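Some structures to go through are shown next.
Heads up, the next two complexes both have chain A, just with different partners, chain B and then chain C.
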Partner chain A sequence: MGAKKITGIALLVVFVVAVQIATQLTGTSYYLTQLTMTMYSCLLIIGLCLVMGYAGQVSLGHAGFFAIGGYTSASLTTTNLLPALEGGSSWVSMLNSMGLLTAGSSMFGEPLLTVHPWLACLLAITITALIAFLVGIPVLKLKGHYLAMATLGFGIIIFRIVLAMEFFGEADGISDVPGFTLLPGLTVNGDIDNRVVNYYIAAAVLVTGFVLLLNLIDSRVGRALRAIHGAEDAADSMGINTARYKLYTFVISAVFAAVAGVLLTHYTGGISPSDAGVMKSVRYVAIVAIGGMASLWGALTMGGILNFLSLRGFFGSYDDAVFGTILIIIMLFAPEGVLRLTLWSKFKRQKKEKGS
Partner chain B sequence: MTLLKVDGLNKHFGGLHAVNSVSFDVKKGDIKAVIGPNGAGKTTLFNLICGGLDADSGAVEFDSQPILGLKPYQIAATGISRTFQNIKMFPGMTALENVMVGLHTKSRAGFWAAMLHLPSTRTEEKTIRARAYALLELLEIAQFADVEASSLAFGQQRAIEFARALASDPTLLLLDEPAAGLNIYETAEVARLITKIQQQGITVLLVEHDMSLVMDISDEIVVLSCGQHIAEGTPSEIQHNEEVIQIYLGE
Partner chain C sequence: MSLELFSQYIFAGITYGIIYAIVAIGFNIIYNTTGIINFAQGEFVMLGGMSAITLNYYLPLPLAIIGAVLFTMLIGALIEIVFIRWLKNPSVLRLIIITIGLSIIIREIALHVWGDTVRALPYFTGNVVSSVTILGAPISPQVLWVLAVCSCIVILLSLFFKFTPLGKEMQACASNRLAATLCGINAKNMVTFSFMLSAAIGAVAGCVVSPITSSEYDMGTGLAIKGFTVAVLGGLGNSLAAVAAGLLLGIIEAFSIAIGFPLAFQDAISISILLVILFVRPHGLFGNKEAASLKEF
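This part shows the complex of A and B:
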């Protein structure tokens, strides 16, 4: 089991490096931009896969969590606090003296004082986790379609909020988001010279998140989640606090979405209301579904392929329609990915019987 | 010594008095059965004890502690395990994994430890895997450890369910119609396993329809009819009780 996991991860890392080298050799390193964006989307998708595929809780609100993360970081790192500092705000001067603010200049050369990206990032994650926790408590009492509807409602609320508030840039969203220097020399931004570095930053974040989730599902907690998914009352009578497990899983997957939101926003330099849109959430759910629901590898693979094709404009203006269609087909022919699993196990059993 | 004390338990469903002031004790180490015709309130009584339903009034004490009003997962933590009438295997999991879920209260690893795959988690995982395997051996189904549980025959699934319920080291095991859906051979097999479980020092309370099973293995029997406690005693006492015979055979 353990050896299989390590081999898988090793192959994944080899693949990531191979792709980068291939783009370099073929002079197609412009692909790296879409690949980097794809990997951040995949981070959200594997988090959603945990909550949907393993814990069995559908969420049509994950674009909302992505947006909370992205918008929090974007607004904090672009709001100029210099006027507030000069106006004598004790809060701002305290943050400044603690070294949590960072000075810069706008594209017109005027001086800027903004929240340091690290602080903004941590705040974004904390706020998202808190909102997921508070929303999760009542919402996760619902099951099946009702849960889907409630999370859909949550997603719509977030979408309308970012669309309506001036602080979040209304329909334009937030642009000119500065780069995020993780460590000296490692900056998340969209500079062309920095493309390879950013590709590897995204890959490192994604692989780390992926390993964490692989470990999680292959553990006592993962078994408890699958038990809740399969037979909640039986899981309950095994001593599993089902409400708490569902809630924690929901929060973890929201945090994955928030990290994706923060990093992708700093990478592309902006975020707009469409990133919080319901169609985005539908797309994520469709990808997890086509990946086989309870399959992190499936979600990662399909997330990689479909997001990349979509970003390359392969689906043209039918982009959203493609993902909607995928979702309908999956729900008709393989709800919960069960069909795929049963077909596969039948196939394996037949093979075994023939062999013996 | 009394392990479980059911005292004046009441439950209404609308106008139906499903459980009507039922009281009885379960002695430590015994196999006690609750029997009664269809609609006698057996399953309702069972669910009241397990926390699946809220009682209208009355008390249930386990090991001198009140347990009425606790949630199922909290009741599990006190040392009561249960099985289900319609065997609830966790789909997609092997027999071994099913039993490992049963070891939930016996293990610690939380979200962080699991995600980081800490050394303590790895050791714990090994321990519970070995323990789960030992339980499958106890119930004589170790050869199916790596087979998907829901693809096995009913009798085997029942044995896995027993192993899963025993995993939490319960002092009291509640069995909801353990012979439901089984043929006579499988029923005999289940009866033997229940006695084997009793020999491990575990007290058993079962709700059952199948008379042969109950008469063979029970130390004491409670008879319910229309939600009321009609009779209580050893199997031979119950077999000769006029009222019980009347209920079962009619006028």
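This part shows the complex of A and C:
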């Protein structure tokens, strides 16, 4: 890792801690709830940034992967398996004897037997990765408009499925999702006493994911991806297996989306069909575009700022309109992203020329 | 299945199918002259229906429809002039994101102007209960209006492209923009015109279908997806094939309900068809593989 990268990440960690201390000192620790949710969204966004910015593939279906992760985990940890166990299902009793099920009680005090969140989480990630792999093989052969429409179509199918199936709670979604105890004492849930812990859990997950991606794009894979983005045919002729690299990045980013979905669902205690909606996917694409496509730092910064403002209700009923407007303005005037406005670089160049 | 039920499903399928075909033709017109898929195409249909409903409070129905079509054409022209005309060699991804952004903004403006109530134009002739019996099935006269108007659009468009100088100029731009410019055709104006034309036919479709399906601010996205499915199914850029593909999709949808498929999955069916077509025959059912491979998607 280069010194510059380490400094950047160190600053990020300092910033995360500073924000928490600042909210503590000013008595505004209620901000931490939205900040935690923002960080989970950012996890999805940096994953999407890998696909869009580095592999050059647009995906308008990432809310679908988020929903697959979140819904799998939510449905497994809320479905009561006790009747099945008493009914003599060998599957359930096997899982139970392996200690993979947890007992609990519902709001009304009835005994519950559900899948352990860890197992549910692993299953959610595996299922998402598998779906991304299977969908990715044909979809990533497409380009431009066709790719955009195909991923959009995938997102709509997921939205329709969760909206139409009783197992996924139809229009109401799934609520009363239990907390996710990562390690004893570290539980992902929405308790107010647990707010600071959850803030740091989210930060740790986000920073870990971010470091992984930063290292990935500086590796051989990252160079291959940039070659694909620049000129796919040229990369192909240099012996880079373009199809495989594109598929891998697609699966990796889907896994990021699934992890975000699982953790955010356990944190807020529920998930609804709107989380799988097309507007969500468009919004994620918008944030990556605003951050400058091929810029993980840009995606992280813009994702943090815009998601937080949106969650605080800063844009009121114009929430979607604001995102649409930002999207158009950025694409018209600064297709390289806000952080790399061409005006700035021109200005810098002029300064340099004057100086020399 | 009795003949009556069968012909009712057929007519339902044809009605929806021809609307999808009209949206697909709107995609094709813009795609042919610019290579852009205009993701805001469905919003033109919505704008046509909604503004006709508003105008109908003050004007008789035919004038309201004409006014709505003119209004939507104006919006189409404005979109092209303000957002697309002056871009220099924009990438496909950039154009996709711009038109998606436009569709969001149009939808949000419509939400703030008209609210989220579902409205409908009055039936052109008769009312909700009046019906005509065809092949033993009672059919609403509005269905006949939809079929007649949409067929007229398709025929007039093909005559327009074949016989009028303007239509010829647009086709010249579509096949070779540089050569057309060298022949003295103002290619930029042709692009603006193609946006106006596809806005206009979208608006007409939005008006004739409004009494049957109703209009609301967020009807555009669904229609755009179906329209795109049909455009791809027929082969992007080919308008007559789009009509055939549209009827096919409409009838498949109608019969998927007839054989007991849940209504909630209706969209999923057509999108699955889209995905399969994209994977297996990206040049469409009626398209030419070699011609398609020359285009830049």
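Quick note on the criterion: the second predicted complex is superposed on the first by the 333 of 356 C-alpha atoms of A that agree within 3 Å, B and C clash if a C-alpha of one lies under 4 Å from a C-alpha of the other, contacts with A are read in each partner's own complex, and residues count from 1 in each chain.
Convention: a residue touches a chain if its C-beta (ideal position, glycine included) is under 8 Å from a C-beta of that chain, and two chains touch if they have at least 3 such contacts.
Since this is a predicted model, take the numbers as computed values, not measurements.
> Return first, second, both or neither, reflecting whether A:Gly324 touches chain B, chain C, both chains, or no partner chain.
second
> Looking at the overlay, does A:Tyr248 come into contact with chain B only (first), chain C only (second), both, or neither?
After superposition on chain A, A:Tyr248 lies in contact with chain B alone.
> Looking at the overlay, does A:Ala235 come into contact with chain B only (first), chain C only (second), both, or neither?
first
> Between chain B and chain C, which makes contact with more of the residues in chain A?
C
> Given the touch rule stated above, what does A:Leu213 touch, chain B (first), chain C (second), both, or neither?
A:Leu213: touches chain B, not chain C.
> If we overlay the two complexes on their shared chain A, which of chain B and chain C does A:Arg226 touch? Say first, second, both or neither.
first
> Now for A:Ala22: first (chain B), second (chain C), both, or neither, which partner does it touch?
neither
> Please indicate which partner A:Ile157 is in contact with in the superposed arrangement: first for chain B, second for chain C, both, or neither.
In the superposed model, A:Ile157 contacts chain C only, not chain B.
> State whether A:Ala10 touches chain B only (first), chain C only (second), both chains, or neither.
It touches nothing on chain B or chain C.
> Which part of chain A faces chain C closely enough to touch in the complex?
58, 60, 138-139, 141-146, 148-150, 152-154, 156-157, 160-161, 163-164, 278-279, 282, 285-286, 289, 317-318, 320-321, 323-325, 327-328, 331-332, 335
> Help me check something: in the complex, which residues belonging to chain A touch chain B?
Counting only chain A, the residues touching chain B are 212-213, 215-216, 219-224, 226-227, 230-231, 233-242, 248, 252, 294, 341, 345, 349.
> Can you list the residues on chain B that touch chain A in the complex?
Answer in residue numbers: 50, 52, 71-73, 75-77, 81-82, 84, 88-93, 97, 100-102, 104-105, 107-111, 114-117, 121, 124-125, 128, 148, 151, 164, 168.
> What residues of chain C sit close enough to touch chain A in their complex?
Residue list for chain C touching chain A: 37, 83, 87, 90-94, 96-98, 100-105, 107-109, 112, 221, 225, 228, 232, 262, 264-265, 267-268, 271-272, 274-275, 278-279, 282, 296-297.
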